[in-house]
Each structure stands twice: as C-alpha cells, then as structure tokens.
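Look for chain A in each of the two complexes below; its partner is chain B in the first and chain C in the second.
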Partner chain A sequence: MSQLAASGVGLLLALSVLGIFAARRTPGTRLIYAACAAVCAGLAGVALLRLLAPAGGLESVEIPIGLPLGRTFLGLDPLSAAFALIVNLAAAIVSGYAIGYGVHAREPQRVVPFYPAFIAGMNLVLLAQDAFSFLVGWELMSLASWALVLSEHRSPENRHAALVYLIMASGGALTLLLAFGLLAGPEGGYSFEAIRRVSASGVGPIVLLLALLGAGSKAGLVPLHAWLPLAHPAAPSHVSALMSGVMTKVAVYGFVRLVFDLAGPPAWWWSVPVLVIAAVTALLGVLYALMEHDLKRLLAYHTVENIGIIFIGLGLALAFEASGLRAAAALAFAAAIFHVFNHSLFKSLLFMGSGAVLNATGERDMERLGGLIKAMPATAVAFLVGCIAISALPPFNGFVSEWLTFQAILLSPQLPQWVPRLLVPAVGATLACSAALAAACFVKAFGMTFLGRPRTQAASSAAETDRCSQIAMLSLALLCLLAGILPGFVIDSLGAVTQMAVGARLAPQSGQAWLRIVPIDIHRSAYSGLLVFVMILLAAAATAFAVRRVASHALRRSAAWDCGFPDASPATQYTAGSFAQPIRRVFGSVVFRAREQLTMPRPGDTAVARLQVELRDTVWDALYTPIIRFVAATAERLNRMQFLTIRNYLTLVFAALVALLIIVGTWR
Partner chain B sequence: MSYSDWLIQLAQTALVLGVAPLLSGVTRKIRARLLRRQGASVLQPYHDLLKLIRKEAVVAENASWLFRAAPYLIFATTWVAAALVPTFASGLPLGAVADIIVIVALLGTARFLLALAGLDVGTSFGGLGSSREMLFASLAEPAMLMAVFTLSLFAGSTQLSSISAYMLGPGAGINISLALALVALIIVSIGENARIPVDNPATHLELTMVHEAMILEYSGRHLAVLEAAAAVKLLLYLSLIACVFTPWGTAVAGAGVLAYAVGLLAWAMKLALLAFLLVLFETAIAKMRVFRVPEFLGIALMLGLLGTILLFVSRVSR
Partner chain C sequence: MSPLDSDIAHLLAGSMVLLSFLLLYQDRMFALLNVFALHAYALACSVAWQAYLQRAPHLFITALIALLFKGVIIPLALRRIVVRLGIHRSIETVVSVGPTMLFGIALVGLSIVVMLPVTQAEGPFVREDLAFALSVLLLGFLMMVTRRNAVSQVIGFMSLENGLVLAASGARGMPLVVEISVGFSVLIAFIVIGIFLFRIRERFDTVDLQALDMSRGEAL
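Take a look at the complex of A and B:
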C-alpha cells in the first residue's frame, strides 16, 4: 500500500512537469486537473483501506536518495493514513472543481504546473517516515503554494502577501528543522523509527515550543496567523480552498506527529500553553472574521478560529494523556481529528463557493454583492450548507466535533492538577462564545452575499457557475451532511489513529441503536445525528402538510412592507458593516481598539454625513511592527558596510577570525 | 424501550405543540390583569393562529425560496428541541439520542435560519433585527451552555433525564453553583424569548425591536408558523427550568397511568407558576436600551462561568 501511495506522489510530480506544457491550452489545463482529481481519489482510497485494515506493521518504502549516509523512508501508519485520507479527499473534489474553475485563470502557466506539485508536497509530508523527507515535503508544499499565491503577481497586494508568506514559511521550516535536530539526538538517526527508539529525554518541552512555532505558524495559531488572511485569498480560489482547507491540516499533522508521536510522553503542563493559545486563537479568529467584509479574507480568518478549536481538542488530549486518563484523551483527540476532517470539508466548500461568486461577479467585497441566491441557486444551496456546518449547528458535521469537544471538556474535572482544572472551564466558555460568534459571522457571510437585493450591477447580472464546480460543491455539501448524521463511522475509522497517538480508542460506535454516538457511557451522553435529522425533516414535512390542508393557498407577490417605508434603493439595505456594527461596539472596542466618528451635518444642511470607523490590528501592532522596525533599522545600519575601504574590510575579516578562534578556543 | 414509552414520547411531542399557544395566552392574560386590564381570553392565541393561517400570504417580490421555506424549518427545529425536554414524564426514548447540548444547538439552528430570513427581503428593519439577534445570541448561547455545564457536572451526564433524576436524589442540595446556573438560565430565557427587558413581544413599531423586526415581512400562514414556533420556544424554556430545578412530581418512564396524571398536573402547575413569575418580572421592569442588553446577558455568561469554575475546583466529578 505504501508503494501505491508513494507512486501517487511520483505521478503528481510528473503531472506538475506535464503542466508546464499543458497549461498553454484550455483542454490541457482541464486534463491536468482531471488527472489530479483521479490521482487524489486513488490516494484517498489507499489511505482509507490502510485506515480500516486490521492493525499491521508499518510497511515502508525505502528510496535510496536522501542525506549522506541516510535513506528516505515513505510509509503509511494510521496517523499518516488518516490525514492522507482527509487531504486527498478534499484535494480530489477541489481538483474536480478546478476542471471547471481553473480555466478562468488569467495566466494558467503560473498556476497549473505548481498545483500538482503543491498536492504532491502535502502528500510527501504525510508519507514521510523520516525527518529529511518530511522537511523536503514541507518545503515543497510551502514553495509551491507560495508560487500559487504569486500567480496574480500584478497586484501589489498579492506581492506583499507572498512576501509575508515566504518569510513566515521559512521561519516555520527553520523551527521544525531545529525540532527534528533535537529529537534525532547526537547519533543523528533521522528516521522516525530511530527517533522513537532514542526518545531523548529533556528535549520534550523545547520540541513542543518549536512545534507550536513551526507547525503553528503554518496552521495559523495566533499570533503567527498574520500571513494567512493575506495569502489564502490572494491565490486562485481552488488553491485558496486547498491552502485553507487542506494545507492547515498538514500543519496540524506536523504538530501531532512531533508532539504526540515523537516527543515522548507529555508532562501535564504542556497542555497549558496549547490550551491558552488555542482559546485565544479561536476567539480572535472569529472576531477578526466578523470585522472583515472581503468574503475570501473572512473565510481565511475563520480558518484561524477552526484551528483554535482543533488545538483545544489537542490540548485537552495532552492534559488527559499526561494524567493517564486514556479514555478521556482518546475522546479529546478523536474530537480534534474529527474537526480536522470536518473543517477540510466545509472550508474547501466555502472557498469554492466564494470562487464561484468571484467568477460570476468579479467581486469579493460583500458590500457590493447581494441577492445571488436567485442567480446562482446551486452555489447558494451548497454555500448555505457550508455556512450551517461551519457554525457548528445540527444536523451537520461541525456540530458533532464540537459536541465531542464539549464532552471532553466535561470530563476534565478528573484532572488531578489545579491549573488545567481552572483553565478548562474558561476554555469551554471561549469555545462556546466563538461558536456563537461563528454563527453571527456566517449569517453575515451568507446573508450579505446571497440574500437581499443586489447592491451593484455586477451582482445583479451574475450567472450560475459551470457544471463541474456545481457538482464538486454539492458533493462536499452532501459529505458535510453525511458526516453529520453518520458520525459513528467517522469515529470508528479514527480508532487506529487515537490508539497510536494517545494509546486508547473510543468504543466502537457503529453497532449502536439509531446510529447514535456514545463517547463514554450511554447514561452520560449520546447523540444520534440521523434521528435528529429525520425528526426535523418529519416535523417540517408534517407542518407543511398540515398547513397546506388547513391554510389558504393564496399567495400574493407585492412590494416589501418594511413598516410602510420601503426604499427603492438597494443601498439602504443592511450591509456587512452595519450587520457587524453592534458586535464591533461590544467586543471590538477592546480587541481592535475600534473608534467610530460620526460627522452629522445640521438639519437642513445638505453636506454629506460621514461615519468613520477605525480598526487596529492589535496583534500586528504589538508584535510585527516592532520586529519590522528593528529589521529595517538593522538593515539600514548594516548597509553602511557596503561602502567601506579595503583596509576596513581587511580589519573586519581579521576581527571576525579572531572572534571565531576565541569562541572555538573557549568552547571546550 | 417499550412501545408505551414511545407512545408517551409521541404524546409529549404533540402536547408541547398543543399547549404552547395556551401558555402564551396565559402569560398575556396574567400581564393584562397585573396592568389592571381585562385582557383577551387565554384561548386568543389559537384564534390568532387560525386567523393568520386562513389569510392570504403576501410575500415581497424579491423574496427567495429561503424566505418561504425558513418558517417551516424554524418551526420544525424548535419543535424537535421542545420534544427532547421532559415535560410530565422523564426517561423517554428520545432523551437517549439527544442531550441538552443538542437542544441548545437546535435552537441555534432555528435562530440561524430566522436571522437569514430577516435578511432575505433586503429591508433595513430585517437586517436590524438579524444583526441584533446574532449579537444577543453570541452572549446568550455561551451563557446557556455554561449553565448546562454546571448541571451536567453535578449529574455526571448531559442528558436531561439523568440531570432531573439527580436533582431528585439525595446528592442534590442547596448549592451556590446551582443557584448561579439558575439565575443564568433565567436571564437567558428572558433574552431568548424576546421578553422585557430585552425585547418587547407586544410591539411592532419600536426601534429597539429584535425578534419582531426579523419577521416583519411575514404574513399569513408563514407568520402563523413563526408565531407558533415562538410560543413553542417559550414553553421549551419554562419546561426546561421546571424539569431541572423543580423535578418533583415528574413521572418516570414506565410508571402507571396515575403517575402520568400526577406528572401532567405537576407540570401544568409548574408552568403556571413560572409564567406568573416571568410576567411579574416583566411588568416590574422597564425595557433596556439595546446596548445595555449585552451587559445583562454578559452577567448571565459570567455567572454561568463562575458556577462551572466553582464546580471544577471543588469536586472530582464522576
């Protein structure tokens, strides 16, 4: 199976080369995307088979290239397989979407060759069984996606986004390199097998820190999220879907691999920084998203929130595992991975929807959209499902993983330590708060884009997107529903992963009555998404039927009532800004130091009234601005060295040599 | 699970629907009497619903399918949520497939759809209502979940039947966390049911309105379904408080006919008492400014969180 998976990566790389030539013509572009979809579907199938296979040893493929004296190992263990399934399932559907959408790229040569390489890089990270190939895959993924972010390089915004992304990505890769270096120990055994065997003591906390920095910056943990809302929207929408929905999951995989698998048994206090950062990430992410009016940036910010939710689950799993509460750890970990799966589905779906909107109207700004539900019915349905699912509302999938996380939180009074016991309720409240705010955020996103009256000419002349894109979006919407009403199957297939990561698994769920899930005990909690879904459908159908029998069938279309003062201009509708205004006033005055200034002319004066809103990105101001200033100032100083005389240079070289010799001399 | 349990479950499901308008009729009557008015008959809500259903529905020209489908979906989710709350008997089959977190989330789904329906026609009033509703929900929902967490930690279960049984048992007593959860839950109930001081269910033309602004464009059968959903929601919250904090008299599944009759009577009395207290509070207080409401709901959130933290540090739960 590992051979198959490895050859899949090879195929993707070959497609990448073919893409250079194929991108010149539209059919060639379509062909490359179709081939990507097929390869990804195959890889997803292989991963699923591996995941469901009875526990077997790890068969790995050895490739005789790599570091000097080293070889490269590729293989699928349960953890890799679970993430490979998640990544390739979403990538297959996104590639299907790209068959229709990808041909609209202005310069396909800048997209098509890098797209398969990007997917290949992500798969290489997952398949890697040694640090070297892991990092090679990681860098391939980063660089290919960087090239994709830069594909529309004419806009200065995108160039800025790509620069920030490149800096963050190289910083992240550097910390991961250090983490693996520490783990490998003095012998330098870089295969995961060797690292596990050595399990160098004492490096655990540093590895955790480095993983939080390296994987966290790729995933978008606050305060390392700054690149994400810049870079994700800058890429073409199918690439945005992959970056936001899938690549962040590879980052989560990196964290899990380092901290749960390689760093050895955790100490209880490891959970504290993870939980704090995760909770802050969840809340700040959704608040940022609420303030955003650009549809794709809103979605990118919202990824930050979901990463927070995932890391809350991972933090809880660490706390439980360290205290020997294996069953609870399995629950928390399964909740986190379930959310990883869910987020890959609905975030890809939402980005594809925003791509369809962008293509139909040329607009990403919600203030200039509206009323698209009539022009784009299929896109609207798929987008609506994504919005409900991501807001963690039943009967869709987002609710299940959030419910599991809540169940894990309710188990945490069992923890023996005081600090997490005090921390976890606050984390729970933050999670509940961010879930409710997410609902507000997606009422705004769907309502402003698809409901109401078109705010511009572009919005009113929109047309439905192509068939391929529709099928891709609707199939993801269907998967969101299926994962929501049949969660037991998902949890069961994650059994081997939780077993590997935390040493226990949840009881098998698929035999339960009503296909319900029972994480701990039937007297404690249970949820049957299927039954809830069927009941809602039955209740709605019964109501509609009863009302039809009794009620008047008359229906008259007329002008909107609006309390007797309807206004013909669509500009008087609520906008994204006005929708978020109350929330901005309540939460934003602290978080964003929001200031509003109203200039109202006196009655009778015909001057324009003006409302000025000022929002500050506090994280950027507090963290990034000083760093940027410091780097600029240092560069300015160092610049002088360009203009020295030859004598000065010789002196400098001599001084450097002496300094180095002194260091070397005093080292021992 | 025997057939009789399912029968009782079905009876409860139908009952919440049948009684909900009566409950809002009773609250209106009590309110009128407290204001020294005669008030309409307690059956008036039934007449209103019937009248609305028989009328022609007027739909705005640019309304989409969502506008027409939303009332039924909102009603269905609210109804399903209400059917999950034990009323006169607990330990029923549906309790074992959906717990109290599901009830909170189902109400969330209904609210999500309602807020979207408010935005569909594209009028300023609808947007106003939706925006404010989502603001209030962003505090009320976590507050409710925190209160729920407190209860669940006590009972070691998130199922309402288990919580109710725990409250009847010897383990429960007067407890500060429980009191905090009760206060939080009451504040949330007031906020979520659009009662004074958060919103006024009796007005249509007031700039502070929330719930009524979202359904302003609805008429005829659609409005009737939405009004019924609001009535069911009020019944749900009162039943929830009754089931958890005053579990006395509630029949347990499988008990005899007599126990069910006692349970029914006890439930009716609890609802009447809670309705009276609710209206008493409403008539004694003035409506708040919109931006005072987040503070009011924030109190609920803080109380709920405090109750949960106290429990987390004071005991090791099962």
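Take a look at the complex of A and C:
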C-alpha cells in the first residue's frame, strides 16, 4: 500500500515535468489537471483503504536517496492515512474543477508545472517516515506554492504577497528543522522510528514551541497569519482552494506529528499556550474576515479562524491526555481531525465558488457584486451550502465537528489542574463567539455576492461557470451534506488515528439508531444529523406548502415599496461595509483601532457627504513593523561591511575566532 | 613513553611558539625569511620526533616535505621575490611591537585554557602539543592581521599552516594523503600569491596593501 502511495507521488512529480510542455496548449492543460485528479483520487482511495484496514504494522518503502547517515522511508500509518485521505480527496475534486477553471489562467505555463509538484510535496510530507523526507516535502510544498502565488507576477501586490510568504515559509521550515534536530538527539537518528525510541527527555517544551512556530506559521496561527490573507488570494482560485483548504491541513499534520507522536508524553501545561493561541486565532480570524470585503481575502481570513478551532481541539486533547483522561482526549482529538476534514471540504468549495464568481465578473470586491444567484444558480447553491457548513449550522458537517469540540470543552471540569479548568470555559466562550461571528460573516459573503441586485455592469452581465467546475463544486457540497448526516462513519474511521495519537478511541458509532452519534454517553448528549435533516426538510416542505396553499392567491400590483429604495439605483442597497458596521463598532476600536470620520455638508450645501473609516492591522503594527524596521536598520549598518579592507576582514575573522575560543574556554 | 621523550617533543613544539613570537616583531625582510626557515626546521624536527615516538614512518615523509618545501624552497623563492621587488632594504612599519607581543602572550594563554579542558580524554602529551599548535596557529593569524606588507602576510599564512601540521602530527593518525594535499595546496597558494604580488607591483609600484585598498573597485 505504501508502495502505491509512493508511486503516486512519483507520478505527480512526473506530471509536473510533463506540465512544462503540456501547458502550451489548452488540451494539454486540461489533460494534466485530469491526470492530477485521477492520481489524487487513487491516492485518496489507497489512504481510505489503509485507514479502514484492521490494525497492521507500518510497512514502509525505503528510498535509496537521502542524508548520508540515514535513509529515506515513506509509509502510511493511520495518522498519515487520515490526512492523506483529506488532502487527496479535496485535491482530486479541486483538480477536477481546474479542468474547467485552469484554462483561464493568463500564463498557464506558470501554473501547470507547479500544480502537480505542489500536490506531490504535500503528499510527500504526509508519507514521510523520517525527518529528512518530511522537510524535503515541506520545502517542495512551500516553494511550489510560492511559485503559484507568483504566477500572476505583474501585479505588485502579488509580488509583495509572495515575498512575505517566502520569508514566513523559510522561517517556518527553519524552526521545524531545529525541532527535528532536537528530537533526533545526539545520535542523529532521523527516522521517526528512531526518534520515538529515543524520546529524549526535556526537549518536549522546546519542540512544542518550535512546532507552534513552524507548523503554526504555515497553518496561520495568530500572530503568524500575516502572509495567509495576502498569499492565498493572490494565487489562481483552484490553487487558493488547495492552499487554504489543504495546505493548512498539512501544517496541522506537521504539528500533530511533532507534538502528539514524536515529542513524547505531554505535560498538562503544554495545552495552555496552544489553547490561548488557538482561541485568539479563532476570534481574531473571524473579526478580520468580517472587516474584509474582498471575497477571497475574506475566505483566507476565515481559514485563520478555522485553524483556531482545530487547534482548540488539539489543545484540549493535549490537556486531557496529559491528565490521563484518554476517552476525553480521543473525543477532542477526533473533533479536531473531523474539523480538519470538514474545513478541507467547505473551504475548497468556497474558494472554488469565489473563483467562479471572479471568472464570471472579474471582481473580487463584494461591494461591486450582487444578484449573482440569478445568473449563476449552480454556483450559488454550492456556495450557499459551503456558507451554511462553515457557519456550523446543522445538518451540514461543520456543525458536527464544532459540536464535538464543545462536547470536549464541557468535559473540562474533569481536569485536575485549575489553570486549564478555568481556561477551557473561557476558550469555549470565545469559540462560541467566533462561531456566531462566522455566521454573520457568511451571511455577509453570500448576501452581498449572490443576493440583491447587481451593483456593477460586470455583475449584471455574469454567466454561469463551466460544467466541470459546477460538478466539482456540487460534489463537494454533497460531501458536506453526507459528512453532516453520516458523522458516525467518519468518527469510526478516525478510531485508528486517535488510538495512535492519544492512545484511546471513541466508542463505535455505527450501531446507533437514526445514524446518531453519541460521543460520551447516551444520557449526556447525542446528535443525529439525519433526524435534523429530515426535520428541516419537513419544516421547509410544510412552509412551502403553507405559502402555496394557505396564503392568498390574489395577484397584487403596487408601486415599488419605498423603504430602503427611494430610487432604483443598486448603489442604495445594503452594502458589505454597512453590514459589518455594528460589529466594527463593538470590536473595531480595540482590535483594529478603527477610526471613523464623518464629513457632513451643511443643509443646502451640495458638497458630497463622506464617511471615512480607517482600520489598522494591529498585529502587523505591533509585531511585524518593528521587526522589519530592525532588519532594515541592521542591514543598513551591515552594508558598510562590504567596503572594508582585506586586513580588516582578516581582523574580523581573527576576532571572531578568538571570541569563540574565549567562549569555549570559559564555558565550564 | 619516557618523560624525556615527551620533554623533547615539548621542547620542539615550544620552540615553534617561540619562533612565532620572533616572527611577530621582525621588521626586516631577510631576517623575517630566515626566522621563517627556522620555524619550518623546528616543525620538521618536531614532526620527525613524533614519527619516531609513534612509530609512524609516514610522518617522516611529512617532516621531509616540511623541510624541503617550507624550510628551503619557499624561503629561497620568497628571497628572490623580495630581491626582484626591490624591497629587501626597506624596513616595514610593524604595528607597535609591545602591545602585539602582549596580545600574542594572551593568545598563548587562551589556547592553553581552551585546549586543556577540551581534550581531557587524551593523554597529557597530546594535550600540550595541541595547545602549542593552537598558539602557533593564532600567532600566525595575528601576524597576518598586523602586517601590511604582502610578503609578510604570506609568511604569516605559512606559519599558520605550520601550526596546523603540528596539530595534525601530534593528534596521531593524520593520513598521508591529507598531509600531501595540504602541502600541495600551500604550494599552490604560494605560487598564486607570488604571481599576484608581481601583478600588484606592476600596477601600483608597491606591495603595500594600503595602496590596494585605495583603488579597489576598478582594479583587481
């Protein structure tokens, strides 16, 4: 099975080379994307088989390249298999979408060769069973996606985004390198097998910190999220879908692999920084998203929020596992991985929808869209499903995983330490707050984009997207519904993963009546997606029936209702900015240091009234600006070093040598 | 090994350190070359003694290389260069001798402080030998840093390399291949530097490196 998976990675790399030649013509581009879809589907199938297989030993493939000291091992254990399934399922559907969407790229030769390499990199990270191939895959993933971000390199914004991304990615890779270096210990056994055997004591907290920095910067944990809303929208939409929906999951995998698998048994306080950062991430992510009116940037910020939710689950799992509450840890961990799966589905779906909108109208700004539900009904339905799912409303999948996370939060009184016992309810409140704000955010996203009347010419002349894209989006929407109705199946197939990560699994859910899930105890809580779905259907049918039958059929004609529409201009509609204003008033003055300035002309004056809103990115101002300034100032100083004499250079080398010797001499 | 054996080894290595100090304050070219030749002889003797002590015949070859190349060929060639450059009568302005010597003494102290704890696993003989070698190396470096004349810098570099060879021969088991390749690389460095000296002189009429610094950018 591992051989199959490894050869899949090889195939993707070969496709990447083929892509260089195939990208010259449209059929070639389509062919490459179709082949990617096929390979990813195959890989997803392999991963599913591995996940459902009765527990077997890890069979790994040895590849005769690698570090001089160690060899390269690729293999699928349950954890890699779960993530490989998530990644490849989404990648297959996104590739299917790209068959239709990808041909619109302005310069396909800048996209097509890197796209399979990007997927191959992510798969290599998941398959890696040693630190070397993990890092090689990680870098392949980062660099290929960097090239994809830069594919529309003519706009200075994209170049800036790519630069920021490249810096963050290299920093992240460096911290992961350090983490693996610490884990490998003095003997330098870089295979995961050897690291698990050594399990050097004392490095755990540092590895946790490095994993939070390295994997967190890739996943988008606040305050390392800064690159994400820049880079994700800059790429072509199918790549954005992969970066936001899938690559962030690979980062979560990196964190789980390091902290749950390799770093040894956790201490209870490890959960504290994870929970705090995760809660802040969830809340700030959704607030940023609410303030954003660019559709793709909104989605990117929303990824930050969902990463926060996932890390809340992981932090809870750490806390429970450290205190020996294995069942609760399994619940929290399963909730996190379930949310990883869900987010990969609906975030890919939403990005594909925004790509379709972008393609049809050439606009990403919601203030210039509107009324697209009439022109693009299939896209609108799929996008709506994605919005409902990401807002965690039943019967879709987002609800199930957030509900499970809340169930885990409600178990926190069992924790013996008072710090997490006090902290977890606060985290739960933050999570609830961000879930509510997320719903508001997607009401805005869907309402401004698809409802109302078109605000611009471009929006009114939009047309439905192509067949391939529609099929891809609708199939993801269907998957969202299925995962929401059949959550028991998902939880059961995650059993082996939780067993591996936290040493326990949830009770099997498949035997329950009404397809319901019972995470802890039937007397405590249970949820049946099917029942809720049926009830929603019944209620909707009853309402429709009532409206059709009971309401009056008399035809009424009247003048347009003035309220809100004193004139017929679409500019008088409710806007995204006005929708977000109440929330901006509540949170904005602190979080964004928002400043509003109203210039109102005196009565009778014909000058324009003006409302200016200024928002600042506080995280950027507080953290990144000083760093940038410091680096610039240091570079300015170091610049003088370029013009020294040879003797001065020698003196510098000599001084450095002597200084190092003094350090060595006085060390002990 | 008997105490006398190790005493002789220390005497030879210590004399190299002493000669390094002599190199530091020589301000006349020929005297500098003579001291450098002495330095190489001391190295050859030291390596040969090590060869005898360790019963390692290949170290005799090393000693022979040191004697031939560094003791005879390179000083002679440098002497010719100095004569042809016409700087054999000039007195080099050495950076103030007193502080330099004091600094050199501090460096020797430093190398002893560094080496002795680091190499605790080894025998006392190897440890002290390594400390001497490190001091020779640092003193050579110090000479490169304090001198302006290119020829003196070459000599500083060569004495630094002598320190490396001393360390390697004391540490038991430097393969001959490494030694030969180091020897050749030094020779090549010597040739290259020699050629450069003439090229520099052709352009600037001096081998004082300060003249080079002034016109860097368009020349070289």
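The rule is short, and it goes like this: the second predicted complex is superposed on the first by the 634 of 668 C-alpha atoms of A that agree within 3 Å, B and C clash if a C-alpha of one lies under 4 Å from a C-alpha of the other, contacts with A are read in each partner's own complex, and residues count from 1 in each chain.
As a working rule, contacts are C-beta pairs under 8 Å (C-beta built on N, C-alpha and C of every residue); 3 or more make two chains touch, one makes a residue touch a chain.
The shown structure was predicted, so the numbers you read here are calculated from the model rather than taken from an experiment.
Look at A:26: by the touch rule set out above, it reaches neither chain B nor chain C. Shared-chain residue A:625: touches no atom of chain B or chain C. In the superposition on chain A, A:392 contacts chain B only, with no contact to chain C. Once the two complexes are laid over each other on the shared chain, residue contacts for A:647 go to chain C alone; chain B is not touched.
Of the two partner chains placed around the shared chain by superposition, chain C is the only one that A:662 touches, whereas chain B remains out of contact.
By the touch criterion stated above, A:3 is placed in contact with neither chain B nor chain C. Residue overlap on chain A between its contacts with chain B in one complex and with chain C in the other: absent.
Against chain A, the residues of chain C that register as touching in their complex are 107, 110-111, 113-114, 117-118, 138, 141-142, 144-145, 148, 209-210, 212-213, 216. Across the interface of their complex, chain A is touched by residues 53-62, 64-66, 72-73, 75-77, 79-80, 83, 94, 96-99, 101-102, 105-106, 108-109, 111-112, 115-116, 119-128, 130-132, 134-135, 137-142, 145-146, 149, 152-153, 156-159, 162, 204-205, 216-217, 219-221, 224-225, 290-291, 294, 301, 304-305, 308-309, 311-313, 315-317 of chain B. Remark: chain A residues 370-371, 373-374, 384, 388, 391-394, 399, 403, 406-407, 409-410, 412-414, 418, 421-422, 424-426, 428-429, 432-433, 435-437, 439-440, 442-444, 446-448, 451-453, 514, 516, 522-528, 531-532, 535-537, 539-540, 543-544, 547, 550-552, 554-563, 566-567, 570, 572-574, 578-583, 585-586 touch chain B in the complex. Against chain C, in their complex, chain A makes its touches with residues 645-647, 650-651, 653-654, 657-658, 661-662, 664-666, 668.
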